[in-house]
Amino acid sequence: MSLSSLLLPAVLFFALGVIAKLIKSDLRFPPDLAKVLSIYLLMAIGLHGGYELAKADIMIAFQSIIWALILGFTLPIVGYLGLVATRKVNPLDAAAISAHYGSVSAGTFLTAIAYLDNLSIQYETYPLIMLAVMESPAIVVGLILAAKARHTVAARNGATNTASKNSNEQGDFKEMLRDAFTNGSVVILIGSMIIGAIAQPSGMEKLKPFIDDIFMGVLCLFLFDMGMVAARRIGDFKKVGVMLAAFGVVMPLVGGVIGVYVGASMLDFSVGGATLVGVLGASASYIAVPPAMRLAIPEANPSFYLTLSLGITFPFNVIVGIPLYHSMAQAIVA
Amino acid sequence: MVSLYSEKMLNIISNDSLEEKLVCMFKKYGVNGYTVVQARGEGSSGQVSDMSGFDANIVVKVILPESKIQVILESIERKIKKGYHLTVYITDIKVITPEKFEKTAS
Amino acid sequence: MVSLYSEKMLNIISNDSLEEKLVCMFKKYGVNGYTVVQARGEGSSGQVSDMSGFDANIVVKVILPESKIQVILESIERKIKKGYHLTVYITDIKVITPEKFEKTAS
Amino acid sequence: MVSLYSEKMLNIISNDSLEEKLVCMFKKYGVNGYTVVQARGEGSSGQVSDMSGFDANIVVKVILPESKIQVILESIERKIKKGYHLTVYITDIKVITPEKFEKTAS
Amino acid sequence: MSLSSLLLPAVLFFALGVIAKLIKSDLRFPPDLAKVLSIYLLMAIGLHGGYELAKADIMIAFQSIIWALILGFTLPIVGYLGLVATRKVNPLDAAAISAHYGSVSAGTFLTAIAYLDNLSIQYETYPLIMLAVMESPAIVVGLILAAKARHTVAARNGATNTASKNSNEQGDFKEMLRDAFTNGSVVILIGSMIIGAIAQPSGMEKLKPFIDDIFMGVLCLFLFDMGMVAARRIGDFKKVGVMLAAFGVVMPLVGGVIGVYVGASMLDFSVGGATLVGVLGASASYIAVPPAMRLAIPEANPSFYLTLSLGITFPFNVIVGIPLYHSMAQAIVA
Amino acid sequence: MSLSSLLLPAVLFFALGVIAKLIKSDLRFPPDLAKVLSIYLLMAIGLHGGYELAKADIMIAFQSIIWALILGFTLPIVGYLGLVATRKVNPLDAAAISAHYGSVSAGTFLTAIAYLDNLSIQYETYPLIMLAVMESPAIVVGLILAAKARHTVAARNGATNTASKNSNEQGDFKEMLRDAFTNGSVVILIGSMIIGAIAQPSGMEKLKPFIDDIFMGVLCLFLFDMGMVAARRIGDFKKVGVMLAAFGVVMPLVGGVIGVYVGASMLDFSVGGATLVGVLGASASYIAVPPAMRLAIPEANPSFYLTLSLGITFPFNVIVGIPLYHSMAQAIVA
């Protein structure tokens, strides 16, 4: 875990974004830029991965998907229990927050890839499928945890209008399930992977400059922007309290350890691959899950989950986490 | 001399993740016209940027006949009670083509 | 104690391809101030996205003295009769700098 | 039957370089909610595009109890006297959750 | 006409966009992205083409322009007569719709170029001038057809306020003529072609990575976006009725046949060039013409022409039409 | 000073933008595009420059900064005195306008680099630091000039409420100072330069296609957009009057001469380097300074400074100025 990893341009631009906001610069990126860049990044990584995956071992791919589902379903429950144990948040907030930790952050994943590439460390392509798979299940778990929490709360309060609510919830639940699996990021990522796998090689060749050559520069720009977004949330640190803020650091460590273990021991990946699975376990979604939670658990306070996932866990993973999970992977694989 | 007719304009400020839900509600009550403007803002649930796809607010504007206001407001109130963050306000307006806003559901 | 003066605000929701035409009309009647906001929406002529350069709506807002409303409304009504899709509404507002909106054409 | 309560909505059209200053002012007077919409426009100080980072207008909308209007208007008037280009108007609105807008500074 | 043409990344991304909307994904591209991408595409293709055209035969270029004008003026009239014959739309709607078919779709044209490039089929550069030329005349024909239609309608209704209208229309007409020829797409395309032709080769060399290398990737992103836009319109299929929807498929076939014939027989182009002229004939504008029609024929229903050009003809051409016009061109040229 | 420099694609696209507006084309670029492009350009030039500067002579770098500060502080005063002497504007307008001329235009600077590259003329990297340094001081000088002007005006008018104003101004002044030095462009430029200097070479290598290869194309797109923006202001030419318009041409000439002299004689730069310093002296800011002046000198009329910097000086420099300053540099260095 050399310090030199911090000197990756991508990480440095993230830091620049954070600093820009800390010194109260008036620097503001156009509101649609981050979205455009993330569309590009997902598309590029998807095409690239799909192309590789066309040659992949279907058995390992299948196992990866199973483990992605297991991680996606388990991590939010771990997080939920941890949060409820702190007694610092109500169960609905706990459900909403922990859903974020079962899902993943493509930005963190891509930074990890830049990190590995820079050290010339090989990695398997399967974690990319896991990235796509893990976007959705956590949202579902969040919904289930919230339903449970609501029942608890309602039972406590004497449960007046539970009946009428329930009928409504049925329809909503179905709709949200569909939303979880047709989520925009998932569509781009899986769609691009399929295109990468089935498109004609001659066609793919022509895409190379777009998806490969300028990739790293776009990632830098994206992380620059996200650094500013994260920094705007760092200020809310005080609002969420020390206990919650600590969760934003401990939870990725827990998820990272579990992820690295799954990658190295269950899936038999190399150091690079295990590091990436660690990053999947450690990272928290800040694109797909927040709007889903606004819809599904409106009672939860968005300040909590946005501050944790965007303001604490994201910077922690980009700057400290990735090299750490890499060390862990080295330790386990060796 | 162009005649002016009284109508109501219902304005809802909300997170853009609720747009589909709100439009559905309008259509359910036979309101087929609306206008949406992208916005940023701050309120009890913290600061909301106008970053599309991340965290953005919208202002939804609907011109309605007085007669439809109550039933829609009741639906909105139910949503607010469920926890949704909706900032709602109504203004008196004058229009020149009342038939446009008074027709019943299509 | 800041004094408040009554004015009117004319709002026009339309497709952005009509922006130039609307601004021309304002200037013709000596109105030199206006504000335009990008919007999306739905109405009798179908759904309109807010994709710039493809199909977008705008909301044009103009603060006017009462005296100018009628002549502009007549011009708008003529346009609507020609087939243009303009959703128009007027609100009563109070301003603190009436001289800003009452001056005649420059 | 959803009850409606009267409030005021203060609207300020200005160049976006003044956004921070305006938000500061609101907070100083205990107003913690506001909504901002990007706009373009024209007025006595010329044409303003909606090019972010170059020259853009904003419309700031704040729902306020009547009691807070005067003190904020005075602050705005001082700014206008200093030379700031602020186009300000107030509308009467009805809301369904008055407690949201009447609480004092946090 | 091999199925493999459907496996072009560009076409696959278009399909992905359509599918994303059909499965009701919440995927949404920022509203300005399509515009930015289309500016880039027009600029790149213009520079590229201008560079080639500097070496072109002025006689053939001139003939191409003449034929582009003929196509642009004739096709809307063909479409108008066809539409009026169906008796399903009023004359003003017919005028507005048919104007779209005299004009062209740069997105379809670029997909055709990607298609030909992929099959390593050579093509002339002249169709590019025709693309630029054909943007405008159809708008003018639309105006004339609408004026005629209005007179017919007015005559039927007893012609009350025709006089006052006419004086106004004079001024409007002039203004719209100017608009038609200073249309944004035309300015970018012709401007870039001129720059490509006159700029210093050393300067052009530095532009190569921007205009050539990343071109295909940007086209994919653009078609991804347009697939979603098209799919939003496919749903309106029912509103326009079977007859009109059929027009959205038959008209491009008619235009395609005429175009291929003009390309192959009148202009003596190769298979590639004739295919491109076929695409020009077949495609319907969805960028330049709709706003012009909103302004010029406000009485027409935008749902009709947007659904037809964007929701039916555009997907039809991208997926079925291009290989078809290619086969036709092969048949005629051979 | 060959005419061929006008045939640079970048300059031609600027001209195309101007022409598009002059012929009243409806061409409009999305409002956020220019901002995105300028972020990219600053980032690319910063990374590039930082990488070079890592090998630079610290002494010359230091001298460059000193001279940049001197230019930034002196030029606005020269401009202010000139403007006041014309008696055509009030002192506050004069302060606001002249602040623009002490600052710089990155767009003009990059066009100059494209110009030199095209002629294969070498240049030092130090002017890039000067570009970053010169963004801010002029804003400060503008504030000081305005404060002075306000006192004069107040003294004339009998000075009623100066006291209350002053206390307020103290706080405002501090805040504006901070704003001047944490300005967004400065943050991107200096931040990218530092990243370029400290990032690992292997990481920088991966950024090359993004920051180098597509740079010229992006610059063309940016200047295309800015051409339209400038042209919108050219129309206001009449509003500002002949005298002021003349200032928009004379002031860059004065600044250009001073700049070239400083570059060639004080800093001992080559012809290329001296040309760039000339451009720094000659160019007027239209990104950083206008919003700062709206805040700091609200009494000044934005039409004046926007028309001058954007509508007159910017086109003048891009089309006429750059080759001129190059000739001057040749004359002095030789």
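Observations on the model:
As written, the chain order gives the labels A, B, C, D, E and F, with residue 1 at the start of each chain.
Assume contacts are C-beta pairs under 8 Å (C-beta built on N, C-alpha and C of every residue); 3 or more make two chains touch, one makes a residue touch a chain.
No experiment lies behind these values; they were computed from the predicted model shown.
Where touching is counted per the definition, the chains common to chain B and chain D are A, C.
Comparing the contact residues of chain A and chain E by number shows a mostly separate set, under half of all numbers used being common to the two copies.
When every chain is reduced to the mean of its CA atoms, the largest separation from chain D belongs to E. The chain with its CA mean position farthest from that of chain B is F. Here B-E and E-F were compared by C-beta pairs in contact; the pair with more is E-F.
One inter-chain figure worth recording: chain C and chain E are separated by 33 Å, centre to centre, where each centre is the mean of the chain's CA atoms. Rounded to a whole number, the gap between the C-alpha centres of chain A and chain D is 37 angstrom. Distance between chain centres (mean CA atoms), chain D to chain E: 45 Å.
Shared contact sites, meaning residues of chain A that touch two or more other chains, fall at 26, 28, 30-32, 35, 184, 209, 213-214, 291. Touching of two or more other chains is recorded for residues 37-38, 40, 50, 52-53, 91-92 of chain B.
Of all possible chain pairings, those that touch are A-B, A-D, A-E, A-F, B-C, B-D, B-E, C-D, C-E, C-F, D-F, E-F. Listing the residues of chain B that touch chain A in their complex gives 15-18, 21, 40, 45-47, 49-56, 79, 82-85.
Put simply, chain A touches chain B in their complex at residues 31-32, 34-35, 38, 184, 229, 232, 236, 286-287, 290-292, 294-295, 297-303, 306. Within the complex formed with chain E, the chain B residues making contact are 20, 52-53.
Taken together, the chain F residues at the contact with chain C in this complex read 26, 28, 30-31.
Within the complex formed with chain C, the chain B residues making contact are 1-2, 4, 7, 9, 23, 32-38, 61, 63, 91-97, 100.
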